[in-house]
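Look at the two complexes coming up: chain A is in both, with chain B in one and chain C in the other.
The block that comes next holds the complex of A and B.
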């Protein structure tokens, strides 16, 4: 194996045949204040009896994600391999693209957390375009990588806050991608685990198909 | 999902060779813990002296991010990379060394060990690992 091949092939995922372990990197992407960190916090609160470590967060003083949040956990065995899932979030703010791009390195699966608020429509579109560009910089395609859309903050409708309809979100974000999507409330926990299970299943299926 | 590249699978023999190189060059030298990761934050292998058990998964994620951030800073000031990355604590120190283009060797040691000697041994281990992965 040449040096160049090693570098090219070393992208994703990492499979350790000696320890029989697969490490899977799932990244939550989306506009700032969309609920990416809240997704991870809910997962942690729900499964903290099974997750041995704390969430690692690199935040600004104003409690916004500066670099990433990181939550690793063991999923148990699939086909004799220990599957270790590593959930990451990126900083959503536009100005942090350099660090956002770093987190995306070696990603195996993605959850795009869209903000359902009407006022955030442009921010969703901008963030999805940014994801497309950042993946392309690693020679990855948004159309090939396992991806799930989550339309977050659906609970805000009860408070009379104007929300984009699911049809409108689908048209804006999913008309070309045609990937699974879920209405959710990260704060209340609605569909947070469903979203996570879906992306893990899709990512594992992708890995299995590559192993054949 | 077709068309995505398969990630690298490391075989038992390669891993055993890498662990041997790290054990012989670094753990026997008195290093507390050594972790080989890729730039995505995945752990390739980890060895320790039996006393120190850090949370290596969080360490790997943070180290990959840290190294990426420092490399990006290097480019801003017109450098390809900063070759020495070293954090010195009151008791423990961390040394980072890039291997080939996509691997990072993290070494945790105390102040009894001289940095110069450690760097020499890290370089030797890195050379052995490169040979294993290129063969």
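The block that comes next holds the complex of A and C.
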């Protein structure tokens, strides 16, 4: 990862006009065990022959994300610029907030991976609030940054596990934000790519509008 | 839900994303694999195994053990199925005990064992020999995991026993704060640990050994002083 990525101004994406390169940083945020890493793992396992890159994961013994997961890939030339996308996850567990803040630094777009399980309602709310606060610490607004919500684990409904309805999730998490949202199953891959495509498209459009 | 910033860049990005991640006709892996009939005796078990993949909590794990127990009873006359359930039960109990500290491969093994069981259970025309072969493959994986866990345990124990001298000092300093009058009456395992540490002194450089001895002396003197103080106060 480029050092410039960490030292750049928070609002401006990393753009090297001389080399005509753009680096786009997308962060998957959300409560622990919500499926952020699974999103990246799905993308990697399904498309690694096309994106020709490696996923970097730093995990604890119990398979939880300790620091972050990192999946970079090149999108090729767009408007004469080489576009490189970097997908990150943050550790979801409450105690790792310092790491979350560090990973958020320089973020261009966000995917909030919410856990659809009924029992996880509070954790979703807490995590979204935490995102709001951490962005604010960088003088950034959750209402301005490109953001997509993903309601993950929808497949568990078929197993009789009580899930929050999409309406309830929308009311809880998206009533003020009013951003694109997708029902998904990261484990199965349902809407994982759709979510990623949406956030990349939104982020690129946002970068373009900032440069105008 | 629509992107408000439509424009040529957006079109180009979308087109490039389609080239890279085009998924035409790709259904979800789970949906494709979800072939357990609604009335199948394995349906509940599958749901629980999938839940474990997402969340390891006491409730889910208790359900898993309970469901395996129920299936063991139902299929007590089918040796192959019984062995599968026992395997699942062993892995399940291990995960239940260790939770997030369980070996990462344990959950993978739980899933793969379930998938093999499903194959054996649902495949029409599968021969007894094929069933046994599938079971043996899982048993092999189970043994491999057991070995990995045992190796890890032994490795951890070894690391704990053979502490490098540089780390010994802060540990001893910490102990100094906690020393009580009864310091001489330490539990036997602590004494053994100390003996092991002492045996390591033969491998230390003279400087390291000196530092170690000094720290030890400091600890003894402090303990003695505390004991003396306590006696004077009483």
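Methods note: the second predicted complex is superposed on the first by the 201 of 212 C-alpha atoms of A that agree within 3 Å, B and C clash if a C-alpha of one lies under 4 Å from a C-alpha of the other, contacts with A are read in each partner's own complex, and residues count from 1 in each chain.
Here is the rule we go by: a contact is a pair of C-beta atoms (placed from the backbone, for glycine too) under 8 Å apart; a residue touches a chain by one contact, two chains touch by 3 or more.
As the structure is a computational prediction, the values presented were derived from the model and not from experiment.
S.K.: With chain A superposed, do chain B and chain C clash or fit?
M.R.: fit
S.K.: State whether A:209 touches chain B only (first), chain C only (second), both chains, or neither.
M.R.: both
S.K.: Check whether A:114 is in contact with chain B, with chain C, with both or with neither, and answer first, second, both or neither.
M.R.: A:114 sits against neither chain B nor chain C.
S.K.: Which angle, to the nearest 10 degrees, do you get at the Cα centre of chain A between the Cα centres of chain B and chain C?
M.R.: 90
S.K.: Where does A:164 make contact in the superposed view: on chain B (first), on chain C (second), on both, or on neither?
M.R.: Touch status of A:164: no partner.
S.K.: With both complexes superposed on chain A, which partner does A:131 reach: first (chain B), second (chain C), both or neither?
M.R.: Neither partner.
S.K.: Looking at A:187, would you say it contacts chain B, chain C, both, or neither? Reply first, second, both or neither.
M.R.: Touch partner of A:187: chain C, not chain B.
S.K.: Touching A:72, do we find chain B (first), chain C (second), both, or neither?
M.R.: Touch status of A:72: first partner only.
S.K.: Just chain B (first), just chain C (second), both, or neither: which does A:142 touch?
M.R.: In the superposed model, A:142 contacts neither chain B nor chain C.
S.K.: So after superposition, what is the minimum Cα distance from chain B to chain C, given in Å?
M.R.: 9 Å.
S.K.: Common interface residues of chain A with chain B and chain C?
M.R.: 202, 205-206, 209
S.K.: Give every residue of chain A touching chain C within the complex, in rising order.
M.R.: So the residues of chain A touching chain C come out as 33, 35, 43, 47, 50-51, 59-64, 73, 75-76, 78-79, 83, 117, 153, 155-156, 158-161, 179-181, 185, 187-190, 193, 196-198, 200-202, 204-206, 208-209.
S.K.: What does chain C use to touch chain A in their complex?
M.R.: Residues 1-3, 5-10, 12-14, 16-18, 20-21, 23, 26, 28-31, 34, 44, 46-48, 50-51, 53-55, 99-104, 107 of chain C touch chain A in their complex.
S.K.: Show me the residue ranges of chain B that touch chain A in the complex, using the header's touch definition.
M.R.: Per the stated touch rule, the residues are 1-12, 15-16, 38-45, 55, 57-58, 61-62, 64-65, 68-69, 72, 100-103, 133-135.
S.K.: What does chain A use to touch chain B in their complex?
M.R.: Listed in rising order, the residues of chain A that touch chain B are 1-3, 6-18, 23, 25, 53, 56, 58, 67-68, 70, 72, 84, 86, 88, 98-99, 102-103, 105-108, 140-141, 144-146, 202, 205-206, 209-211.
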